[in-house]
Amino acid sequence: MTDQRFFTAGGPFALKKLAEISQAEIDPSADPESVFTDVAPLAAAGPRDITFLDNKRYVEAFSNSLAGACLVRPNMVPRAPKGMALLVTEEPYHGYARIARAFYGPPPLEPFMAHTASVDETATVSEDCRLEAGSVIGPGAIIGNRCHIGANTVVGPAVTIGDDCSIGPGASIFCCRIGARVITHPGVRIGQDGFGFALGPKGHIKVPQLGRVIIGDDVEIGANTTIDRGTGPDTVIGSGVKIDNLVQIGHNVRLGKGCVVVSLVGISGSTTFGDFVMIGGQAGFAGHLHIGDGAKIAAQSGVMRDIEAGASVGGSPAAPIREWLRGVAILERMAKKKNG
Amino acid sequence: MTDQRFFTAGGPFALKKLAEISQAEIDPSADPESVFTDVAPLAAAGPRDITFLDNKRYVEAFSNSLAGACLVRPNMVPRAPKGMALLVTEEPYHGYARIARAFYGPPPLEPFMAHTASVDETATVSEDCRLEAGSVIGPGAIIGNRCHIGANTVVGPAVTIGDDCSIGPGASIFCCRIGARVITHPGVRIGQDGFGFALGPKGHIKVPQLGRVIIGDDVEIGANTTIDRGTGPDTVIGSGVKIDNLVQIGHNVRLGKGCVVVSLVGISGSTTFGDFVMIGGQAGFAGHLHIGDGAKIAAQSGVMRDIEAGASVGGSPAAPIREWLRGVAILERMAKKKNG
Amino acid sequence: MTDQRFFTAGGPFALKKLAEISQAEIDPSADPESVFTDVAPLAAAGPRDITFLDNKRYVEAFSNSLAGACLVRPNMVPRAPKGMALLVTEEPYHGYARIARAFYGPPPLEPFMAHTASVDETATVSEDCRLEAGSVIGPGAIIGNRCHIGANTVVGPAVTIGDDCSIGPGASIFCCRIGARVITHPGVRIGQDGFGFALGPKGHIKVPQLGRVIIGDDVEIGANTTIDRGTGPDTVIGSGVKIDNLVQIGHNVRLGKGCVVVSLVGISGSTTFGDFVMIGGQAGFAGHLHIGDGAKIAAQSGVMRDIEAGASVGGSPAAPIREWLRGVAILERMAKKKNG
């Protein structure tokens, strides 16, 4: 059961409604009229909760779960404990996501402007926004409808933010245009100067950074992530991109639609990505590369060349993932022999 | 000598008192009544300072040091310069830590509430707390005795913080319960949404993150480190854990007691750790693993499997440390031969 | 063309003036009196813009560019499109940097103190400084002439900042002395306690951190980067050092003049660097090492030993770069054979 001090559940919902929400089938043994009041993890769920099984590691926890209902794949149905109501789907986690959102949608935004907020007189802030304590909106900035600006966050001059955005606390956003329904988490740093220097043995000349950061719709950006503005071209984050915490995105980088970037990844300047590229944690990219649509980059990869669409790579320097794993296995065997 | 603008020394202390504080033995050649006024590093210490020798790299600096007193291991006694008062112990660094704390304990907290601090009327803040400028305390939050809340730090709704905590400036803390004597450094981000999406080729569905972050006693968390809240289960940081700067801790991670996590480590969701696990810098962990008590993870390791208690691993993907180092040595030899 | 909402161009400039600024030669085919109004990237530049070609990847874009003028190396002159005015130099990027700075110098600082700024009565702030909303200046701090302190940034007690510095928003600076013309980007964390513990199986003793951070002149520090203060010795950042975003610099580290540190690098305590060391992204350094002048450390290197002046290393653990690349190539061939 979720902590009611932090989260307020909607519902309850009948199983038939949950099936509809989750786009799953009700197992014939279950009662479509039975009612559930909350979501919960497998191990903690009780008879009035609905949970899900997605990762094979947790089959045993599933078989021992006291959950009243569970989203499962068809092949897991026989492993269910007696009396558990099953919602059957090939995508239990997607189903769970939809149900959890039904129980715990974002609370309605209560418009507010803290007396310690600073809004420049030339900024345009929709009246239905919420500006927390210490937030700062610069000259000429435009904030769309129903936006939430976190405490002590700074929105710089002429920045535009679309409707229904949530900008977390303690952040700074400069030289940037943001689309609709974007969520940025605490401490993000968007639009500062990129790392641009003409290097030399007697000193380094700073190069003015004259581009912007353009962020699409439905983007999510993790805590303390940094996105530098372009040098002249823009840095572009495509719609639907999800970026984790502590990621570094250099100037002029372009991420296509739906890319997923896990924590502590570093992307050097001017590297571009197609759509739906998946990037594992702590991977790094040299500059001026192109990574094709749908490529998969394993965690801790060091990418030094262009990657074709659909390819999977791993290792540092990154190679096709099978080749990399084979190299790892060969070296492992040699090391073990040496030992024997 | 420390910079008096930043630090104020207690003391002075007689050598016999320093021996007692540091749990060390006075070398027979030293005068227990001799008095010392400060701590200092080997190279900078003068005749009224006490220093320590712990790392063999610095034996020469020790032999040339002008320090009046020094904590050393028994085997280093013969290398001491003439006239240096020695405190002999198997743990010179521990002894130094205790002595430095005697000279430089945390200054007493002067209660204060800045006029630019914002405290919700439903929050409970002990009167002996210190709230710096621009700090924000949300509805229903409870702050224990003698806590220090840094400037421009945001403590979210219903967060609880135990006694004698120091929460650094520019931070944000949400959906979290914190124990006693916890120190968090500037810019920490605790309790934001974890990176939870049901991924799909047409877009990614955000999964509500319904757990909390539970932090034990005597924890220290480094600057700009990010700790996401759980998805339903909690993210748990055990008592006595020490986390360095720029570390990413994903949702549902559990760190046992006394774990040490060096900078730029990334821990993926639902990975759990026993007690006193040591994690080197820039190591990464896949999700849903278990790392046993006392395991040692070398810097830059890429951990993709469970690790047994007491094991040492290195490399990416991580292997038993000897095997990894042997593989490295084999490849090095092959590369050199090729050259010859 | 740059976005006029964010950037205001100076100029225009005649080609002969641009040649003088950039220290380049005017190609004989060009008219020295022709006038240019802006800088722009190759692909976007129009007839009144000046651009540059530095990276061979972009030769085709150069040949197709509509730019009115371009900085190029002598060997690229024949590849220029007809009618493009060429400024010829061995260092086109340096020339571009100088020209871009002529068009887009930092705007003059308009002195200002926000009414939500908090300045301790014992602090000294030059009257020509600009203190943004929510900035906090602690007791005894000294801020030089023409400094810009970003919104919600905290400057701690007794910190000194030299002339013409720009301290970005959302940052915190403690126990620190900063030189002249230093730029720190948003969210930097300077001078907090280093990660200093005497580790033990029953718990870890915190060691007071009694040093400072000393930062030279003309240093630039990236967003959300963390620099811990020394333990007793100082942490020192030499003049002209450029540090990217999300870098961790441990206690007692010393960076010589002109070092360049790319994003997500981690440097453990007491490691010292000569002058003009180049450090690639995500590289890591063990503690207590010395890296000689002019060494080059490849991205993702794991440096566990001292590095000689002028050496180039790569890999984890780091080896001489040719040896490392040869090892990589050998393993790659073995993996491919196995496949065949």
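For the reader, a short list of remarks on this structure follows.
As written, the chain order gives the labels A, B and C, with residue 1 at the start of each chain.
The working rule: a residue touches a chain if its C-beta (ideal position, glycine included) is under 8 Å from a C-beta of that chain, and two chains touch if they have at least 3 such contacts.
Model, not experiment: these values are computed from the prediction.
Considering every other chain in turn, the ones in contact with both subunit A and subunit B prove to be C.
Interface note: subunit B and subunit C, two copies of one sequence, contact each other through mostly non-matching residue numbers (shared numbers fall below half of all numbers used).
For this pair, subunit B with subunit C, the centres built from the Cα atoms lie 28 Å apart. Shared interface positions of subunit A, i.e. residues touching 2 or more other chains, are given as 116, 134, 152, 170, 187, 224, 246, 264, 282, 300, 316, 331.
Across the interface of their complex, subunit C is touched by residues 116, 118, 134, 136, 140, 152, 154, 157-158, 170-172, 174-175, 187, 189, 192-193, 195, 197-201, 203-208, 210-212, 224, 226, 228, 231-233, 246, 248, 250, 264, 266, 268, 282, 284, 286, 288, 300, 302, 316-317, 319, 322-324, 326-327, 330-331 of subunit A. Within the complex formed with subunit B, the subunit A residues making contact are 2-3, 5-7, 39-41, 43-44, 55, 57, 91, 93-94, 96-98, 100-101, 103-104, 114, 116, 132-134, 150-152, 168-170, 183, 185-187, 218, 220, 222-224, 240, 242, 244-246, 258, 260, 262-264, 276, 278, 281-282, 299-300, 316, 328, 331-332, 334-336, 338-339.
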